[in-house]
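What follows is a pair of complexes built around chain A, which joins chain B in one and chain C in the other.
Our next item is the complex of A and B:
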């Protein structure tokens, strides 16, 4: 946590320990880019959270509780459900919302807790890469699933 | 290191009169950049009366045990906002809490998140920078009235809560987002902006909302309510921040 701030020249003190890490990501005097990104991200978290509440609980209920629960889930069961576009859309929406919701949440956690600019950058790259892979792979499977495999 | 006052219990101090004094241990985070690089804890046995405030006990240490103990205080009545400190892990004004309510050992630290200069004194400049950044003054675009700018009681009530701020920094330095991200404006700056954004006489609301819409603005607030809990003036700080978020969302004031 400790970051050293340069001691003011007029004071004969050694460097002062500050438990604060100013990042100065926007250079003072630099032109401010007006953006509503944080606002949209905030709204997205609220709306996706609300939708996910129903999507995920519904998913868990169908997969784990409804007639026979998880015991009956096999290739045939998935093939049967995905014969209907409704369930494919359900799963696609759930995949996208959950992945983006989680990614944005982790982005916030990284912004909060990673201290060095380099650490932040690489953690976020790792995060975005993994999110991209999950979304791509999931979407691909949902659209190209072949029940006669 | 423990410093124990070895003089008789009748030493001049808050508990100089009355029955045998009750004592409390003050465990204070000391830091003097002229002699050490590291902060350390020191304990002091302090006699106190039930009516003594924490500030009285700290000043007793300064006057009777160690005059080098540095702290800010001015009015000592909870109005000037100089003596915010971290007491038993939460931000309080030392002049607004009674020693008897704080247990037998009281830990006292400087407020967290700002560079410590000496003992309980921190560099407040980053805090004031955030305050200045939200333009905390009346902005108007009409002609100056010949007399005063009138306002209805209802319009005044809209921002009454946020006029109570004394800028002690207890809220901002209790915020975990501020601890980790020094660029975050912090609760106090948002309270200061709220006071003008919702003032019917002010025309700078859009300007301030744009500033708080930035990456380090209100959207970083995680509603942990530390600020509301810390405010010695009882301002509903988290509520004020949410009102600014709502104003940004709907641009309806």
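Our next item is the complex of A and C:
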């Protein structure tokens, strides 16, 4: 899985290095660029996960279990909830955290199972495009909701 | 414990299977969130189109799937807390198996009453109220 970043043009097997040798981060000779991105992503998963624990379980409890559950949900119910800035904020924070948490999770899954550099690249492009759409659409809906529609 | 087969890092037992379940529930929830943002976005189209799609959520079969959704969220949430404890609590790695069994007990204890509440209306519609 951990192969050199640049795949040869003939997509032949990447150069094999000895097992357990340190990961080569850059091409030999290129300036060393080390980033802490993976560390920040790891921390983000734990912090967002802890917040989502309360946000999502609370959301499910209110929408699916509390008096009548999903049977009472309709446009009027949503309008009633979103009349309060508190619930709009709740839904906005939950949307952003959940989508980013899920996107980073799927990025990990793609990195684990997609072995060809091209496949990894296009799967991640698809992932980031869908994440952008979901975040944009969801945010727009929460901010521009019109109860008198 | 038998040695893991050569050529794999998968070790089986509690550690691996909880990781597998965490990954599967996570991917499922990601795809559900995609669909859920789209269906909720219909509140911006018209009240009737939103109400129409929400009717799907109230139908018996989708109602049953919602219990599956709640189960997936509940497992992922509880197991996520376990992962955080493994990472940050000094005895976390030592007690990861015990924590999984506590987690599974909590999972059942919380899911059963939730599923009961969620399915009550559907059961009454399908089979008539026994009261």
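One rule holds in what follows: the second predicted complex is superposed on the first by the 124 of 149 C-alpha atoms of A that agree within 3 Å, B and C clash if a C-alpha of one lies under 4 Å from a C-alpha of the other, contacts with A are read in each partner's own complex, and residues count from 1 in each chain.
Basically, a residue touches a chain if its C-beta (ideal position, glycine included) is under 8 Å from a C-beta of that chain, and two chains touch if they have at least 3 such contacts.
The structure presented is a predicted model; accordingly, all values stated were derived computationally and were not measured.
After overlaying the two complexes on the shared chain, residue contacts for A:111 are found with chain B alone; chain C is out of touch.
Of the two partner chains placed around the shared chain by superposition, chain C is the only one that A:52 touches, whereas chain B remains out of contact. When both complexes are overlaid on chain A, the residue A:125 reaches neither chain B nor chain C.
In the superposed model, A:83 makes contact with neither chain B nor chain C.
Comparing which residues of chain A touch chain B with which touch chain C, the overlap is empty.
Taken together, the chain C residues at the contact with chain A in this complex read 23, 26-27, 29-30, 33-34, 37-38, 40-41, 43-44, 46-48, 50-51, 54, 57-58, 63, 66, 70, 73-74, 77, 80-81, 83-84, 87-88, 114, 117-118, 121. Across the interface of their complex, chain A is touched by residues 31, 33-34, 37-39, 112-117, 123, 126, 176-183, 210, 213-217, 219-220, 245, 248-249 of chain B. Per the touch definition, chain A reaches chain C in the complex via residues 46, 49-50, 52-53, 56-57, 60, 64-65, 68-71, 73-76, 78, 95, 98-99, 102-103, 105-106, 109, 130, 134, 137-138, 140-141, 144-146, 149. In the complex of the two chains, the chain A residues touching chain B come out as 1, 5, 7, 11-26, 32, 34-39, 41-43, 111-113, 115.
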